[in-house]
Amino acid sequence: MTHVDRAPIGIGMIGYAFMGMAHSQGWRNAKSFFDPKLEPRLVALGGRDRAKAEEMARRFDWQSVETDWRALIARDDVGLVDICTPGDMHAEIAIAALAEGKHVLCEKPLANSVDEAEEMVKAAEQARADGVRAMVGFTYRRVPALALARRLVRDGRIGTLRHVRAQYLQDWLTDPAAPYSWRLDATRAGSGALGDIGAHVIDLTQFLTDEHITGVNAALDTFVPERPLPGGDGTGQVTVDDAAVFLGRFSGGAMATFEATRYATGRKNAIRIELNGTEGSLAFDFEDMNTLWFYDASAPDETQGFTRILVTEPTHPYLGAWWPPGHVLGYEHGFSHQAADLLTSIAEGTDPEPSFADGLRVQRVVAAVQASAEAGSAWVDVAGTNADTAGTTWEVA
Amino acid sequence: MTHVDRAPIGIGMIGYAFMGMAHSQGWRNAKSFFDPKLEPRLVALGGRDRAKAEEMARRFDWQSVETDWRALIARDDVGLVDICTPGDMHAEIAIAALAEGKHVLCEKPLANSVDEAEEMVKAAEQARADGVRAMVGFTYRRVPALALARRLVRDGRIGTLRHVRAQYLQDWLTDPAAPYSWRLDATRAGSGALGDIGAHVIDLTQFLTDEHITGVNAALDTFVPERPLPGGDGTGQVTVDDAAVFLGRFSGGAMATFEATRYATGRKNAIRIELNGTEGSLAFDFEDMNTLWFYDASAPDETQGFTRILVTEPTHPYLGAWWPPGHVLGYEHGFSHQAADLLTSIAEGTDPEPSFADGLRVQRVVAAVQASAEAGSAWVDVAGTNADTAGTTWEVA
Amino acid sequence: MTHVDRAPIGIGMIGYAFMGMAHSQGWRNAKSFFDPKLEPRLVALGGRDRAKAEEMARRFDWQSVETDWRALIARDDVGLVDICTPGDMHAEIAIAALAEGKHVLCEKPLANSVDEAEEMVKAAEQARADGVRAMVGFTYRRVPALALARRLVRDGRIGTLRHVRAQYLQDWLTDPAAPYSWRLDATRAGSGALGDIGAHVIDLTQFLTDEHITGVNAALDTFVPERPLPGGDGTGQVTVDDAAVFLGRFSGGAMATFEATRYATGRKNAIRIELNGTEGSLAFDFEDMNTLWFYDASAPDETQGFTRILVTEPTHPYLGAWWPPGHVLGYEHGFSHQAADLLTSIAEGTDPEPSFADGLRVQRVVAAVQASAEAGSAWVDVAGTNADTAGTTWEVA
Amino acid sequence: MTHVDRAPIGIGMIGYAFMGMAHSQGWRNAKSFFDPKLEPRLVALGGRDRAKAEEMARRFDWQSVETDWRALIARDDVGLVDICTPGDMHAEIAIAALAEGKHVLCEKPLANSVDEAEEMVKAAEQARADGVRAMVGFTYRRVPALALARRLVRDGRIGTLRHVRAQYLQDWLTDPAAPYSWRLDATRAGSGALGDIGAHVIDLTQFLTDEHITGVNAALDTFVPERPLPGGDGTGQVTVDDAAVFLGRFSGGAMATFEATRYATGRKNAIRIELNGTEGSLAFDFEDMNTLWFYDASAPDETQGFTRILVTEPTHPYLGAWWPPGHVLGYEHGFSHQAADLLTSIAEGTDPEPSFADGLRVQRVVAAVQASAEAGSAWVDVAGTNADTAGTTWEVA
C-alpha cells in the first residue's frame, strides 16, 4: 500500500431505490478495496422525489441531488452516468448520456424491447469512437464463484458442453395477496420473471459457456392475473409473466432447459446453473454464493466427485481485494467488482464487459422466448445468432 | 412376532442380469422383513443361457431353472411371473402369462410402444376379472422418501402445484469410447435415455402430484452416433436418444421441465425432483435417497426453510419393517417394498399400483415426446389425458 | 459368472433381535453377491424363546432352532458361531465355541470388561493355532466410504495426522419418558453410550488412522437417572452413561475429541468422523453413508475444496459386487461385507480383521475413559498402547 | 424514508490493517443502512506508519491521520475510540480513552491476560457512571444466523441444553513453510489459536446459551515450533499454541467439546457450533454463514428434520436494513451491525453488548484452558463463574 494520487471521476446516479443502494455501495467499495486508477466521486444523485433523494444522498454521502435527469447528465462534474431506473427509461437516458460524452453503466435488462436495445448498441458504438464506454449491469457475472466457473470453462476443464440447466427461482408472488407493483406492469417492466430474472440466467449461461442460445421453445404463464394495489384500494392487472420455462440450444450443440419464476415456494434468490461437459461439470446456486461445485472427470476414478470450492482464496477472481480465506462475501460485492472493473476499463481505454451488445443478445433471447410462447411454444430462432457467434470473447478478471 | 403359517406362492422370474438380482433380493426380503400374507417361494428362474441361469439360481436359492419362458409360465408351481427381460419381450410374455392366469410383475417401461402397452392393459383388465393381478415395476415410487412426498402432497401440504422440475441424470455414455450394448439399439430398448430413465421421472411426477402430463415440447439428441462393440470388432449404430429434454404441462396447470440424459458428467443416478406449490415445496435427489426436503410455507416466518427429513423413522412409509432411525436404506430396498406390496394386493384382492394402465400413461407421454421431437419440438398433446384425468388415484402404503 | 461348486459351511447364530436380523441378511447376501469360496448355510438359529426363534427362522430360512446355546455350538453341522447376544454373554459363548473348534464372529463390544476381553483374546490365539478364526463385529469398518477413507490414509493422501474429531450421536433417550431397557443396565450392557456407540468411533478412528489412542481425559454423565419400565409398572435405574465426551491423543501425536451420546436431538445415527492431516482431510457422516468428503491439499489452489465422493463406483471397496454407480447402499450392507470377508479369511487361512485383539484395544480405551471420568477427568493412559503400537496392520479389501 | 438530522459523533480508529478495514466498512455501512440516531463521522485514523495510514485514510475517507494514539484519543472531535491494535495494547489504550470520557469499542480478545481485562472492566464501570460506553468486538454475535439462534434459545425452542460442540477451524499454518508473524509471538498475541479464534467460540457459546462455562480439561499443542521470518532471514520461535482442545461444562449441566486450530486442512474459517437441547437443536457453520439449521422436536414426527433456514428474511435480525430475501450477506456485515448497535446504545444510554465484563468472562475461560493444559489436562474451574452466573442477560436486536 503506497500513497498514490488517483484521477477523480464524477459519478451521477439516477434512481435511489434497491438498485441505487447497491450501486452506491459498489462505487465506494470499488475505491476502498480495489483502488482503481480512476477514483470515483459521488457527485450527483438523481431522483424525482427530492426529499427521498436527499435522504438517500445523506446516507451514502452523495454530494448533491438532481430531480431532472437531463440536468444530471449535463453537469460538467459528472463523467459517468449510472442508470438505475425501471427499464422503460433506460434507452432514452443512456442514449442522451452517451451523446453528452458521458460513460454509462445501465442496469439490466438493457431495454424493454429489441428495438430500443439496438438503438442503444448503435449509440454505444458511436460513443466508443470517442473513447466513451458503455456497460450493462449483469452483476452476477462478477460473483467470484461464477467468474471462476468462466475461467475453468475457458481453460477447457469441462470439455465439450453437452447440457445446460439454468433456473432463477424466487417466491415473492406465491401468495395471491402479495401487492401489485410496477414490476407487474408490462409498460414499465417490459416483462415479468422472464426479463427481470430470466435475463440474468440467459446472460450468465452465455457468459459462462462463451456460446450463444440459438433458438428456443418457450411457455409463459401468469398464475394470478390481478393483485391488490399497495394503497389498499382496488386491484392492478398483472400484464407480465409470473413464470417462464424454455428449452434452448447452444451454438455448440448443447441442450438446455431454462426456468424463471416468482412462484418457487422456499427459493428466495436461487440462481442455479449446471453445466455438463465431456470432461467435467460445474454447478452453482446463488443462495450459497461463495461455493462453486466442480467435477473433474480427469481425476483418478477413486476420488472423483464434485469438489465444493469455497471461492474465498486470494487466487480466486476479485478475492485478493477482500478478506482472508473463508471470510465470505455477500450479494452486494458483485456491484463493487462491477464498478471497479468499469473504472479500470475507462482508465485503460478498453471495452468493458458486458457490453450493450451483450445486453442486446439477451434481449433477443427474451424476444424469442416471448415469440415462441405466443406461437404455442413453437421453435423460434434467436435473431442474429449466426452472425454474432464468431469472435465473441468475454474476459474474466 | 408370533408364529404364523403363510400361504405360499411360487415365483417364476425371467431374466437374471442386473434386474434379476434386484428382484431376487426383493422377493426374499419381502418375506423376511414384511412377512406378507402370501409367502414367496423362488421356484423357477428363466434364462436362455442355462449355465448362467443355474449360477444365478445357486446364488439366490432359486429352486430350478427354465430356458424356455413358455415352459416357465406354464408350470403349475408358478403363481406369479416376474418379467425382467429387455422391453421388446414384455408384451408377449405378460399377455401369455396373464392368459395362463398368472399374476404378473413387469419391469418398466411397460412396453416399447403405445400399441403394445394398450394390448397389455387390455390383457390385464381381462385377467383382473378372474382375480389375476398385474403391476409394472416403477420401483422408485417405493423409495420411502418419495412415498412420504406422495403422502404430503395428498395431505395438501404443498397446496396448488405451480412448478415441477424433474431430471434423471446419469453419465455412463459421456466417454465416446464407452461400449455398445442392447440399450443403444432401438429395436431392443425402444428408446434410449427417454424410455430407460426418463420414463421413471414421468411416472414419478405423475404419481407424486396425482396429476397427468397433458402435453409436451421436446427435443431428443444422440451425441455419439456409433460406439465400439464389446468384443472389440467394429462399431454398433446408436439408434436411440442419448438425451431428452422437454417442457410439460400438468393437468392442474403447473409448468414442468424434464430432462433425461446419460451425459451429465458426475451425476451417477441423480433422480432429482422438485415440486413447488402455493403452500409448500418438496425436493428430492436419489443420490441422497434417504432424505426428503420439505418447505412448509405455513410455518412461522422466522423458522421457515427447507427441512431435511431423514426418512428413517418408524412412522415413515415402509420403515417400520427395517432398522432403527438413522440406519439408512439403499437402492434395492424399493424392490423389497414392491414385492411386499404386490403380495399383499394379491392376498387381499386389491389392485396393485402402479397398474399396467399407469405404465400405458407413461408410454403415451414417451410417445408424445418422440412425436414432438420429430415435429421440430412442436407442442404435442398426450393421448387420452382428458379422459383419464378424472378419478385417478394412487395409493401409498 | 461360471458354474462353481463351493464348499459349504454351517452357520449357527445366537440371538434373533435387531442384530440377528442384520446378521441373517449378511450371511445370505454374502453368498448371493460376493460368492465367497465357502458357501454359508443357515443351519441353526439359537434363542431362549423357541416361538420367537422359530418365527425368525421361518422368515430368514434358518433350517433349525436351538434354545440352548451349548447345544448349538456343539452341533457337527455348525462350523461358525455368530454371537449376537448382549455383551455379558460374549466371553462365555465365544470361549466355549472356540474350544469346540468353531470359527467365531462376535458382536461388539467384544466384552463388558477388559478382563473378559483378555480371556477372549487368549482363547482366540490358542484356537488360531488350529486354524480356527475369530472376528469382532465392528461392521462400520466395512461401510465402503470408510474402507475407502482407510485406503486413502494408507496411501498417504492426508499426510501426517494432526486432528481427529469423532462423534456418534443418537437421540433416542432425549425424551425422559423413553422406556427402560437392558441397554440401560450396567450389568447387561457394561456401559451406555460409551460402550454401545462410542466403541464404534474408538475402533473406527484407530482403524482409519492405523494409530492408537494413547490416553484420555473423559467425562460421563447420566442426565435421566431412572426411566419407566416397558410394562408400565414402576421405573428402572439407569446404571450406565447417557453420554460420554473425551479428549484423546493418537500415537502419532494428533489431538482428538470424542463424543458419544443418546441425547443429540435430531441426530439419529450420526457417526461423524473428520481427520485433518498435513496433506489433506477426510470427513464422513453415516447419515449420508455413501459419501466420503476428501480434501486434497496437493490439488491446484484454484480448485481445492472438499470433494464429495459418491462411493458407488466399481473401483470402490465392495462396490463391484453390487449395483451400477449411483445406486446407493444402506446400513445392512456392512454386514454382508463382514460375512463375505470372514468366509474368505477362513477359506484362505488368513486372519480376519478386526481381530479379538482389536476388540480388546477398544475395550482398553473404554476402560481408560471410565477411569478418567471417575478420577475427575484426569489424564489416564490407555493400557498396553506402547507395546501394541508397533507392527499393527489392518487390511482393507 | 423521511429527511432527518442526526447528531454526529466522531470516530477515532487505531489500527489500519485487516481489522481496520473491516471496522471502517462497519462505520459507514452502519450510517448508510441502519441510520442510527448518532451519525458516525470518520474523523481520525491512528497508525504508527504515516504513509500507510494516509493511504488507508484516502481509501476509506477518513478525514485525518494521527501517528500517536494519545493524540488521537485527546482530540475534541473524537467521541468514540475504536481499538484495532494487537492485544498487547488494548488495555492501555482503552483505559486511557475511557478516562478521557471517550466511548470505546475494543477488538477481541479484550486483553492478553485476566489481570489486564479486570483493569479494563473496572475502568469501564467507572466510565459508565458518566454515561461513557464500552464494548468488546465479538462481532460474530451479530451474524444474523447466530443472532437468530440466540433468539430461538431464549424463546425456549431447544429446551434444556444437553450438549455443546464448538469448533473454530482454520488451516493457514498447515504448511510448515508458512511465515512467522506477530500472531505467533506470545508477547504480542497473548496466545495462539486459543485466544485468536478459540475466544470467539467461547464467547459465542456463552452468548447463545445464556450460560457460563464453569470448568475445563484442556490440551494445547504447537506442532511447528519455529517458522521462517517473512524477510527470508532466519526463523522465529512460535511461542503460542497452534491448536487447543478442551472439554467444558456449562452452568446448566450441559457437556461441551471445544476445538480451535490453525491446522484443519481445508477448513478456512469454519466456526461450527451445535447445541442439542431436550426440545430441539441448532447447528451453524460460518463458511455457510447465511444459514441456520434448526431441529424442532415438537414438530409432527413425520416431518421432523433439520430445517435449513436461509437467514435473509426481513423478520430475521438485522436483515430489514439490507437486501431482499435470498440476497445473502458476507463476513463484514457483522461489523456494520456492531457499529450500528453501539451507536444506538450510546444514543439511547443503554449498555452495549458484549460488555468488557463479557470479554473478561472469555478471558477467564482462556486462562482456565491454559492452566489446565499446564497441569496435564486436569480439571480447572473457571474463575468467578458461580458469582457471575445469576442474572446474566444478553440482548439480541
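Order of writing sets the chain letters: A, B, C and D. Residues in each chain are counted from 1.
Here is the rule we use: a residue touches a chain if its C-beta (ideal position, glycine included) is under 8 Å from a C-beta of that chain, and two chains touch if they have at least 3 such contacts.
Protein names from UniProt, one per chain: A, B, C, D = Putative dehydrogenase.
A quick note: this is a predicted structure, and the numbers were derived from the prediction, not measured.
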{"item": "Chain located farthest away, centre of chain D (Putative dehydrogenase) as origin (C-alpha)", "value": "B"}
{"item": "Pair sharing more residue contacts (C-beta pairs) when A-C is set against A-D", "value": "A-D"}
{"item": "Whole-Å gap separating chain A (Putative dehydrogenase) and chain D (Putative dehydrogenase), where each centre is the average of the chain's CA atoms", "value": "35"}
{"item": "Centre-of-Cα separation between chain D (Putative dehydrogenase) and chain C (Putative dehydrogenase), whole angstrom", "value": "42"}
{"item": "Distance from chain C (Putative dehydrogenase) to chain A (Putative dehydrogenase) - Cα centre to Cα centre, in angstrom", "value": "54"}
{"item": "Junction residues of chain B (Putative dehydrogenase) - those touching two or more other chains", "value": "267, 304-306, 310"}
{"item": "Touch list for chain A (Putative dehydrogenase) against partner chain D (Putative dehydrogenase), complex", "value": "1-4, 18, 21-22, 24-25, 28-29, 31-33, 35, 51-52, 54-56, 58-61, 170, 172, 267-270, 286-291, 310, 312, 323-333"}
{"item": "Touch list for chain D (Putative dehydrogenase) against partner chain C (Putative dehydrogenase), complex", "value": "158, 162-163, 165, 167, 169, 171, 174-176, 217-219, 221, 223, 243, 245-247, 249, 253, 255-257, 259, 261, 263-267, 276-281, 295, 297, 304-306, 376-379"}
{"item": "Footprint of chain D (Putative dehydrogenase) on chain B (Putative dehydrogenase) - complex, ascending", "value": "148, 151-152, 157, 294, 296, 299, 301-310, 313, 315-316"}
